[in-house]
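Several structures are given next for inspection.
Next, two complexes with chain A in common: one pairs it with chain B, the other with chain C.
Up next is the complex of A and B:
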């Protein structure tokens, strides 16, 4: 890490912030409000064909033959492609390339892509799909992760005989076991321990915009793909690899994007398909997925079965945490290697663990592939652990909030797994939700059927592990400044609706003293913009923000020099703000920034600057120690208020107070939007959503009617409370806000239900049927019996 | 193919389209009005909501042929209508959604804003519960609806000349108190 990468939380000028920290309107707000913003499916090119993809009807089968002759003969059909046309494997994680654009020799889930057609319109393409004959040889399908784990053959991803002889892996996708400190000794020496099993179901992103891609292949050999992706850079690399093109001949552009949440962070079949079909036909080709296809493409939250043991001293001080996790990966690796690490690595805050062990196994099953959904890999363990903390508090007779406060890890500490935590506003988060919810007066006193629940969490602000290891910057930006007074930012960062282009405008307007309207942003076009790795791991504000400050400081120095020379004053006297330059010693003297840009263009020639950011060397000194290492961590605390109807088993969340430490809030309105959207999504996962398949591997309800995302009537009052800890390395002290605030929603509901009706919900989703079953079980058992079951295998037994 | 005559955003349009096409297909693929979005094509998400004779309808479930001779308003029509009526800038609903941060990915919002417009045309001072009910057919995945509700309430407050409520994230200050300029990025 160099000086380039760290700029400190305070501005280097004395007047303070003029743009940062205010509720700026979004750079694309009015374009979106008026319908002018163009999303991928809004683009039309002359002569454009439409593609449709044939999907597997089998959960697990070998493909004996594909006969597409009748499809190809249908009038209006221009080309048909199958796996043989694109045999090169890929995967977003370079260590696990196990995907093909279209299935090569076998299919691994119902919905796996098998063939694709380009035709004059969608109706013709759909008719052609019906004419393609696929001869399948069915194989035993695994829909249960335990069964897949216990059954090494048939392998969903077959190893060669040599690989199998060397290291047979059955249907295991990834196994990680890491231990920090002497967990068994700490368990044995503890005063109390709680042990329990928890279950997290599958959920999916459900952006309202279905995936779409459009390709054009020029006669000059340049392939251009417009895609609803959050990772233009990785899509460019994957297209080049699979299609055998140099990366410099592949241009990927992300138009306006209609939501992603991690669901558009893999390269997808449709991007390869439109590219290949455009190359074969010489015509532009578009493919828009149906809503049903989006559900099958998935890459959402991994279902997990989690067993936790947490031990403590009598005063509540944590002594050991021991986790064993089975992860249902679905049919491909996707980000699964990272998911497996994250399931353990991201738990070690905001509380201090003296000892910690996790043993996580991801297995393949014949289901839609799982991947990264908002809060990747850590939402599920956080649910289990935060519920278990409440169980521990109950056993110790402590207020759950007090237990968390006592175990706060502090600021500027190293976690048990070797991660560096810098700023940490978790205590302020606890105080904020405690005050706002009137926790002390109301918890336990709302009467039967109503309750309050609490949970905390931490999350990464970017990761120092780039998907492919390389020494180049993780974020690069470029600025163009000219005599018109306009500054244009070029960034590879993907604005997926979270507002990263607005943040870019905010930072540049602040640094260069411009009216924000005089800063425009060109983003996510691999021909025009320097490389940025994309919108994932909550990295964009932190990394692109720091790169922008780097570029702006260089540009600012030129502007100051040019004006100081012109005014014949010391550079220290020059101040810029909101479109005007002034002389600090003589405030009556001022100049429009447009004129300053002209002075600088005359003095230094055509104006442009680059900026970059790379993370410091971080992480524990062990295999996998860099996965989960982040330059900064965000912290969150939630309190939710629920009512539980004991007749119907229905849980209603009435209020949700969310305090989130995002470092400095560069734009509090956008931060609030991220906090509210995260909490909403977590509550939805807990109460309504369930992404699963039936015994044939068919999705249980691939529609927005059956997969129940909340309407405005289902969503509680959300109260976003911003805590600003000012991180030493974030841009002006900023950290992330887009993923962290989701985590505590789910355990906080379980904890609130316990406060309301005395039952512990350890299995998701919290359906009325489950609530009723728990209530019945609690009535049937004598008091105290369930607590005794929980403590079996606790302190003394270990 | 069938030729049909529609009044779209104040213009009379003659369109030739397959007889089975929905209003959404005609708007997007024949008239190039891509502001109406397709999120599910099944009437579940509400992103395609347009106003037919002033009432919100799901354009993906509305047969275009049944709209012959009728008046259709899409998101592209709101600002021109506001300007024609002597207003400045976008429709107050569009401006309020922008000012309140309600437009994250923006994909559901054309339909959402048209539902909100129809609500306010019918009832200039709905309660929060009434707003929630009127927007319940429009799914949003980004916002948790909070900033959308705030935007509609901002419209109501400004139309009534009263002060809008301050959000929880801005204690002691109200970012929406002062009317804001046109696109200067500052509130």
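Up next is the complex of A and C:
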């Protein structure tokens, strides 16, 4: 089947790449920079109403009654909806539909959506919200995952009595325990083992564009929703399900999008709300969230408490890894089923694990729901494990880099949990950061207060498991070629700033020998574009890229045939590049590609092709074995250089060298951008960001003032080093670059701090206060002994 | 985004007109200088004035000048950006220029004014939040509620003075000129602030027109140190202004240390400066005196969990920042800031 064709990393023509591998400007870069790009909130329709959402002031409560009479009576208000108007539950993972567009009978966190108003403007809608009376019956709220785990009642998500009798689950969202090989025996037979507890806090995505949705319900019964989503296809399905419409009557369009990072990969309340209100009022309805609401929508990084045991032989060869993880899921499932698997399944590279066990439990708590954030599910375990590897290296008296090198799993291997690893450039990544950071000369020799730290990681390039099982392609594309010389690509893929539309243009221009300016991309419109599952799991370039090559090869064959017939030469003599066709045997003979398209349109009639990609069968033969199974894995190594101010406890990252194996850099400028952006985000999570609630269950500071992401002044020098391993299955050998390079930033900082001042940071974030506490503990001093230390060195003359 | 509540905008063209408007509308009016603090606070419904009196068009509030005796006169509408860059301010009041250079971020400093910073509302993690957030909390003592969430059972609001320029001006013995219905009034900046976090200014219903910084001696040294999470934007978790007036022989003739972001009132640390007096630069005695001053400051400063940073850590940083800021004043290397 063509969908599973492997095209190979090299071009089938002899001249080599002309577009791929070169820096290409982003397709929408100028429009964004000049303000011409249209984001969802820029769209205005005649007669449009504005919606606002009433949110719960309670962390956990039953709703006794909602009285919206006064709100409805306010002049300018057109409609009010509550949970009763949309009682069908949904969830991005079909096995765990536990969300309602608006709360049906209870609220589960401060900020949960309760009711919505459509009015002539936002001020009227806000005024109406203040007139809605909600009668709550408060329930015990769980803010601590340990407490939620230990306390089965009240259940945040109530089971029916029958369900409870069959399988009572208390407040557990998902439990996964998997063991590969005999872990206990391996532990017992090891020369050395380290054991420790680690803690990862919550962080969120902070895309610069807040979520926004606009709906129009046409007289023809077609619902159109423009939404700042990264999963148009799943939103279409969810809207159809909740609103009781056939999927074919729901059109979802993603306009230009201002960042997502996983925070726009669930269906959200505002999409259902604007749709329902548009259907009720007959008017277009828009809803734009405030920054505060984006923090409540969250779906960010899960807080985790992780316990690891890692054992090895005396020479450093790993023998066993054993993990026990408690995952704080917040109030809904979201992608939580996958998160729970990912917390264990994605650790089995780039090192060879002979035996491995993980036991992960996700619990519900009364906090904003967690979900997928860049590096979904695996950033937290990677932090713990890579710090523990350094602890192991210390115990063995080995250079941490050498320990990692010795345990490299190799290329084209199967992991202990049954994942197929193809290309693997991790050793080249290690070499690259070793050289760039001058690791050998400088580690351990920078003097007190300065240090170098290392960490490695791997990540997926899409998974072979679509969120709803089906035998259809995971990525489909369509091409339109016509006599004007223009080729238009139609793809369901969501460009969320990562540049997938630019990559689509690059691939088509390469394959068909066009000037990239003569390729246009229509994306993420469910009426116009073939299905693609969306921008998550780092899958778009890999899967849509392969589908595009598939479509282009068919189109190319027609263009070659038409020209070869016209020139009366063998098809092998035809070459296409950058807008011109030439005769390889007679390079003076050439033709504009526009003329070639016309020849082909005359020869074959109207031109168009489809292309598709589906992953091969992958994964271990056990329940959950396909979750985390990817057609190709990316690999990363970081070296971070820090300085630690021992008086203030402040860590400054001076340099971060990031070597990332992306298979092939289809556009090195975009790859470098993803590498830098990932490292930036990782460093932010390590040092500044902290997404949590206070003792009342209120978000600690739902604003960009109080939720601190680094400014340019807080951002270190980021050195992106691209490693190309040329994967056999990726488009021209490409793998992912948008999520993997985040992982090692965090443990590398902890490891660098150890090199600098000799303390191990096992708990995030690495705040100055925590660093001081660790330094104090290392000196085994009581808390009051501060003054003596701080005065050290104060005797010098001023 | 958050909506700005509706209000009537008035734009007086003279100080007299502005004073008349303020007395006409009283508590239902708010003065707008740069707006960098007032506008977000209005969006959070901390202030819902019926009338906003924009001062930008009042000529008397603009300008920087030096009087013949060396007094520096700073119009209340001088932007923080202009203040930080002004050569006269940098020479005569280095701590003030440095403090101004560290307020918020570059964009806000181009709008925000000295007067606005002096008159800044106190801040607290339970207060500087949206209406929705505060309603979910059940409000607090400072606004719409009856309970303090910082101090259990506390009867007084302990929201923190968060204006970087206040301690610098205090260290310079600056005087404020205010205009109200009763006419012109001049008072030392220290007398402006009270310990009441709800409204920490003693003067109400008057307009701050100018800030007067008395002349400093030849050997004046000053610096400002600011603790905050990021290299920009953030309000202080702790601010320390240091002043050392040296004799030609390098002897400390006068000294001042003032701190902000602890409680409702910026604090003058009188005891802490005592060991510094009479010490001479370049001697171990001064180095030891700086350490002693840091320890005395530590004893006197008790940050609360009012602003977001951890109180215990902020307290721990008091001696560190006192020491570093004093040293920076001596060697002219201020401001003390982590980037």
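Note that in this section the second predicted complex is superposed on the first by the 776 of 798 C-alpha atoms of A that agree within 3 Å, B and C clash if a C-alpha of one lies under 4 Å from a C-alpha of the other, contacts with A are read in each partner's own complex, and residues count from 1 in each chain.
Heads up, the rule we're going with is that a contact is a pair of C-beta atoms (placed from the backbone, for glycine too) under 8 Å apart; a residue touches a chain by one contact, two chains touch by 3 or more.
Being a predicted model, the structure only gives us computed values, none of them experimental.
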Chain B versus chain C as contact partner of A:73, first or second or both or neither: neither
Touching partner for A:25 - first (chain B), second (chain C), both, neither: first
Chain A residues touched - chain C or chain B, whichever exceeds: B
Chain B versus chain C as contact partner of A:705, first or second or both or neither: both
First, second, both or neither for A:585, with chain B first and chain C second: neither
Touching partner for A:496 - first (chain B), second (chain C), both, neither: first
First (chain B), second (chain C), both or neither touched by A:57: second
Touched partner set for A:35, first chain B, second chain C, both or neither: first
Touched partner set for A:209, first chain B, second chain C, both or neither: first
Touching partner for A:291 - first (chain B), second (chain C), both, neither: both
Chain A residues contacted in one complex by chain B, in the other by chain C: 210, 288, 290-291, 703, 705, 711, 713
Chain B-facing residues of chain A, complex: 19, 22-30, 32-39, 41-42, 44, 205-210, 256-261, 288, 290-291, 436, 496-499, 505, 509, 515-517, 668-673, 675-681, 703-705, 709, 711-713, 715, 717-722
Footprint of chain A on chain B - complex, ascending: 28, 32-42, 44-45, 47, 74-76, 78-79, 90, 94-95, 97-101, 103-110, 113, 131-133, 135-149, 167-170, 175, 180, 183-187
In the complex, chain A residues that touch chain C: 55-58, 110, 122-123, 126, 210, 288, 290-292, 645, 647-650, 652, 688, 696, 698-703, 705-706, 708, 710-711, 713-714, 767-769, 772, 786-787, 790-791, 794-798
Complex contacts: residues of chain C adjacent to chain A: 1-3, 6, 105, 125, 128-130, 132-133, 135-137, 227, 229-234, 281-284, 286-288, 290-291, 294-295, 298, 308, 310, 312-313, 316-317, 319-320, 323, 327, 330-331, 338-339
